[in-house]
Structures are given as C-alpha cells and as structure tokens.
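Heads up, the next two complexes both have chain A, just with different partners, chain B and then chain C.
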Partner chain A sequence: MTFGNVVERCRQNESELVREWREVVARSLAGRLPAALVEKELRDILDALLGALEAGGGTDPQAEPYAEVRALLVELSRDRAQQGFSPRETAVSVFGLKEAVSKVLGDTDVTGFFRVIDEFGLYTFETYTKAREEVITNQAEQLLELATPVVKLWDGVVALPLVGTLDSARAQVVMEKLLQTLVDTGSEHAIIDITGVPAVDTQVAQHLLRTVVAARLMGAECIISGIRPQIAQTIVALGIEFGDIATKASLADALMLALSRLDVDVNAEIAKRSR
Partner chain B sequence: MTAQELPIHGDADVVRVRQAVRALAIEAKLSLVDQTKLVTAASELARNTLTYGGGGSATIERVENGTRAGVRALFHDDGPGIADLALALRDGYTSGGGLGLGLGGAKRLVDAFEIRSEPGRGTTVTVTKWAR
Partner chain C sequence: MERIPVLKIGDTLLVSIQTDLHDQMVLALQEDLADRIAATGARGVLIDISGLEIVDSFAGRMLAAIAGISKILDAETVVVGMRPAVAITLVELGLSLNGIKTALDVERGLRLLS
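And then the complex of A and B:
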C-alpha cells in the first residue's frame, strides 16, 4: 500500500490539520474537555501516526511502527470511557481526522490513508468498550460493598438493613460482614431488616436462615424485621418456616425486643447520658 | 397480546424475569399481595430453569378471561427433565442444595399451574395468576 505524497503533505500542513481536527472533535465534545488538552492529544496522535507511516507502517494497525499510536489511542479511549463520553463522541475523536484531511488536502487521493484511519477508529472503539466493561465491573463490586452496611443501634445490638436483590454473591458478603461486625463490636443481638428486599423466595430465605445459624454459632441471636404483609403471605404459601427465629414487622419492634432481651432500661440510659 | 421471551442463562437473567413479571402484574392490576406472589413464583421457576434445567427461557404475557386480566408465564428448558413429578412437587424434597420448597411453593402461589416433563426431554412449567 502506498500513500503517495499524502504523508508528506500532511507534514507540511500539520498545524492546520490539527486545528481542523480539533474543531471537528470540539463540536461533538461541546466544551466538556478543555480545548488545549484536546489539541495536545490530537497533535501527539497525528505526529505519532505520520511518524509511523514514514517508517513504513502499512495498513495493519497491529504492526510494529504503530506501537506509539496504539498507546496514545488506548489512553484516549480509556479517558473518554471513564469520563462517561459516549461511543460516538469517542469515535469522532479519530474519525474527525478524515474530515480535517479532506478539507486541508483538497483533491489529493487519500483512500489508503483513510483506510488506516478507519482501522484505528475501530481499534479505539474496541478499547473503549473494554474500558467501559471494566468500569461496570468495578461499579458492580463497589455496589456490593456499599449496599451492605452494618450499623450499631445500641451497645450490643447491630442492624443489617438489606436493600435490593439478595443473590448468592451478596448473601456471602452480607454474612461475612455481619459475622465480622459481631466479633468487632462484641454484640449479642443482630437485627436483619428486609424492608428493602422486593421478593423473598426460597433462595433468599435459605441465605437468611444460613446467616442466622452462623450468627448463632458465634453466640449471637438474630431477629428478622421488615416483614411486610405481602411478604408474610408469600412466605406462608411457599411453606418456608423460620422456626424459632424471632421475626418482627418493623425495625422498631425488633429493637424493642433486643433491648428487652438485654434488659436495658432506656430511661436510665438517657438520664445517664444527659448527665 | 404480545408475549415477551426472555433468556435465562445467569443470575442476572432471573432478576430480569422478575422485573418483567412485576411490570406485567402491575399492568394487569394485580393487588400488591398477588404481584408479590406471582413474582416470587416466577423467581422460583426461573431459578429452577437455571439451576436444574441448565438454562432456558421464560415467555411472559398478559392474558384475559372475559373481564378478568391476568399474567401467564411459561418456563422452558431442555435439561435432564424430571422423572418423578409427584416427588419433585413434594415439600422438602430437593435434588440440589435448596430448601425443596420452590416447585410446590410456586404451585401454591399461583392460580393455575401446569408442568410437563420427561426424562431427557426438558421441562416446561406454565403458571397463571388472575387479578381479583
């Protein structure tokens, strides 16, 4: 593949090309990135690209001379993905060069050069998708952590408000966190609140039962609270039995039960604290 | 009525089936209790399709019977099938590690329940819940 004098002419008009290119890109980014930063990014990419073509890069984007171009594009697409730019906005960053070249070089035959740009556009797109997937995976992991706080309600009473779907992965995190908190705080009572769990099926029930049994092995009593009327009726129809595990309609009821089991005199505690 | 077909190949798909069933149940004006019952039954059956059937699909649709609206959900897999249906429906029996309440429980949660299965030919379960 020969590129004629395209590379040469690009070099001659390099600064004009970068300016045109930046304008195309700036149109799609609509001022969400500083112009100076975009211009530097594009100038580096163009310089690396022309350098690689001068070194006989050919049309294969995986070829050795293109290593620097690839590195720059990986950086660009990762940045764009993390900053939340759309695939289109990211792709324009590369494909915009075609528009700039057509405008600046006019009627020169640029078919070969365009094919190279297309290849790199696709390459950027692939990297962008990978980066986005990484972002999603990270978020899912963070959410798993976020969604399971264990809060201390009283000396010796901790609560675990569950929100959302309790699948196997989350149930595992929940159980670990609860058991660890029981040890760390020396609590003997744990309240698992399921107000925020939309559906209690046998799998969710099984996870709850296992958590309660594990907590018991460590000497702590669990109370399950937040059982709404529709959940209660569903549990009965399913035939799930919670055995001798205490269950309550609201977190407040569960706290009252825990406090009475601990023999706490709330009024005396309040008087003690305000003194 | 157009039926929606949803694939079941992972835990995330079970959640998706649940959400789609809930949306239809709300549309058919099922009461909150009935919505929850149907969603829970769908959750059990979708999980069975995944765990015991090795994955499959759910087809859900709104149905009408005179003036009554309802939701029908069909779960299908091409898994090993069930040899003894009566045993599989019995509470407390499980061939896996579950509580053994899913299939029988799902039957109690809905108004109509039909199961077809043969060893080696997969399993199809159809459930319907009507608005009161």
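And then the complex of A and C:
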C-alpha cells in the first residue's frame, strides 16, 4: 500500500501536527499530565511513525519498521494504565492524530494513513488492557501477602495481626498459616490481634473460636487481643461466648500474659543478650 | 493384623502412631493400652500422632475414649504432634477433645506429664 504524499506532507507540517494532536489529547486528559510531557511523547511517536512509513512499513503494526513505534506506544499505554487513566483517555492519545491530520492536511486523501493509525490505536488498547491486568494481578498478590503475616514476638510466642474483614476463605488461609507456623517454630503461645478487624459478627467469632480450638488440639494456647470497646459491646450484645479463651484489650497485655505463662524473666534475657 | 506398639518409659506409656488408622487397629490399640496401663500401673499415656495425616470421626472418638479409659485407670493422656490439617478436620467434625491435654511434640508432652 502506498500513502501517496501524505507522509511527505506530514513531515513538512510536523510541528503543527504535533501541536494540533496535543490539543486533542490535552482536552481528554484535562490537565492531569503536563503539556510539555504529552507533547514530547506525541512528537516522539509521530517521528517514529513517519520514519517507519518512509522506511516502507505497511498496514501491519507488527511489521519490522514499526518496532520503535510499538515500543513507544507500549510505554505510553503502560504509563496511562498505571496512572489510572480510563481506556477512552488512552485511546484518544492515538486516535487524536487522525483529527490533527485531517485538520492540518485538509483535503489530501488520507484513507491509507488512517488505517495505519487505527491499527496502532487497537494495538495501544491491547497493551493498555494487558498492563491493567498486570496491575490487578500484582495487587491481588500483594493483598494475599498482606493477609497473613505471622510474626514472632518471643521464643515460643507468635502473633497474628489481622487486618481487614475476615470472610470464610480468608479465615481458612489465616488458620492454616497460623497452625503451620506453630508447628514450624515450635511455639506454644499464639496471639491473635484483631485491632485491624473492622467488625466482629457471629461468623468472625466462629472463625476465631475454631482457630483457637484447633491450636489447642495441637498443644498451643491462643490469646485474642486488640478488642476495641465497641467490639466488646457488640460481642456481648450478640451473645458470643469466648469461654475460657484469654482475651486482652491490647497486644501488649497479651504479650505480657504469654510471657508470664512461659515464665520468662525479661530483664535476665536482655542482660544475657547485651553481654 | 498390624498392631501399634505400646512402649513403656518410666511411668509413662508411649504410643506412636505412624500409619493411617483402620478401625480394627484402633480397637486393638484401645484394648492393648487398657491392659498395659493396668499391668504396669503407668501414670501417663503419651500418644504421638505426628505421622497421622488423615483422621475420621471414628479415630477422633477413639482418642477421646482412650483418654477416658486412662483417666479411670488413673493415668493422664497427652496427645502430641497433631498436624494442622488433622486439627482443622477435628474442629470441623465438632470434636474438640475436651479434657485431653495436648502438646506440640513428644519432648513437651513428657514435660507436661512429669
């Protein structure tokens, strides 16, 4: 396919094209990106695109001459995806070139050139979606990591600070992680801290109780800490019985209890370590 | 039929379950253990189930029954080395084994008995 003198005319009016293009893009971005940055991005893309067309690139965006254009577009769509721009705003960054071209070149036949731009628009869109998916996958992984940190507080004492809502699926993961840590570290005391749990209903309480009973079966004792005043009121109002499970208002109190159960002399331990 | 060995260490009887339990084995163990406690006058029974990967409600009830029998014969039962998966299963089956002492491993179990 030939593009007639479109490429040549674009080259002649390059700076005007970039300006018009930026105008279109800037309208959709509504000042969320600095104009100079956008202009540089667009100028690079246009330069690379015209260069590729001069080098004989066809309508296939995967063709060899377009390597640089593709790289620039991948960068652009990834940036946009990570900065949280919508698909429309990202697509306009490419399709806006059509508007600029028709305005600057007037009545020249630009059908072939527009087809190339469309192809790259779609390409940008695909990359944008892929980048978005990556962001989502990463966040899901981070969330799971956040979900279950088991920290060692002392020899034989581990703590599980729970943050966020405790649904059945998460409760199961948390329970397994805690029990496995008890086995791995040989800890006899576990503190489950629920400071970060926004609400305790009967279901959450059920999960907690089951974890405590399972830990007991394995030979470890659990202390539940971080019960805020409102939560204490809710628990009583709901009629939840914690039985003989130790509950404390703060993690510090729970640690104190665990240490006294272990019969630890903290001062002696500190003296031993600093020696 | 395969039998689970009951070892005597001092005043304590040690039962180490390293295979998955069949109902017949469980019943035989219960009998053996009762006989041995009576014969030796043991004061403690240590059941190590670290090799046990699968439990059913029958095996769970067996543990409770053994503890009950030991108690009548004046011996204390400690179950040690329960795996997390087994503990979760027992909780889901509603068997919280009240009245049985537990410990993480044999060493701590022995300490608990002494």
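Criterion: the second predicted complex is superposed on the first by the 149 of 275 C-alpha atoms of A that agree within 3 Å, B and C clash if a C-alpha of one lies under 4 Å from a C-alpha of the other, contacts with A are read in each partner's own complex, and residues count from 1 in each chain.
By our rule, contacts are C-beta pairs under 8 Å (C-beta built on N, C-alpha and C of every residue); 3 or more make two chains touch, one makes a residue touch a chain.
Owing to the predicted nature of the structure, the values given are computational and were not obtained by experimental measurement.
> Does the chain A-based superposition show chain B and chain C clashing or fitting?
Chain B and chain C fit side by side in the superposed model.
> Touching A:N13, do we find chain B (first), chain C (second), both, or neither?
The answer is neither, since A:N13 touches no partner chain.
> Counting only touches as set out at the top, which of chain B and chain C does A:S28 meet: first, second, both, neither?
Neither partner.
> Once the structures are superposed on A, label A:D167 by its partner contacts, choosing first (chain B), second (chain C), both or neither.
first
> Quick one: is A:S102 in contact with chain B, with chain C, with both, or with neither? Answer first, second, both or neither.
In the superposition, A:S102 touches no partner, neither chain B nor chain C.
> Look at A:D201 in the shared chain and tell me whether it touches chain B only, chain C only, both, or neither; answer first, second, both or neither.
First partner only.
> Could you look at A:G239 and tell me whether it touches chain B, chain C, both or neither (first, second, both, neither)?
It touches chain B, and chain C stays clear.
> Measuring by CA atoms in the overlay, how small does the chain B-chain C distance get, in Å?
10
> Which residues of chain A are in contact with chain B in one complex and with chain C in the other?
none
> In their shared complex, at which residues does chain B touch chain A?
Within the complex, chain B contacts chain A at residues 11, 15, 18, 22, 32-33, 35-37, 39-40, 43-44, 47, 91, 98-99, 101-102, 104-106, 108-109.
> Hey, which residues of chain C end up touching chain A in the complex?
Checking each residue of chain C against chain A gives 79-80, 82-88, 90-92, 96-97, 101-105, 108-109.
> Which of the residues in chain A come into contact with chain C in the complex?
Per the touch definition, chain A meets chain C at residues 175-176, 179-180, 182-183, 186-188, 210, 213-220.
> Going by the contact rule at the top, pick out the chain A residues touching chain B in the complex.
Residues 165, 167-169, 198-203, 205-206, 229-231, 233-234, 237-240.
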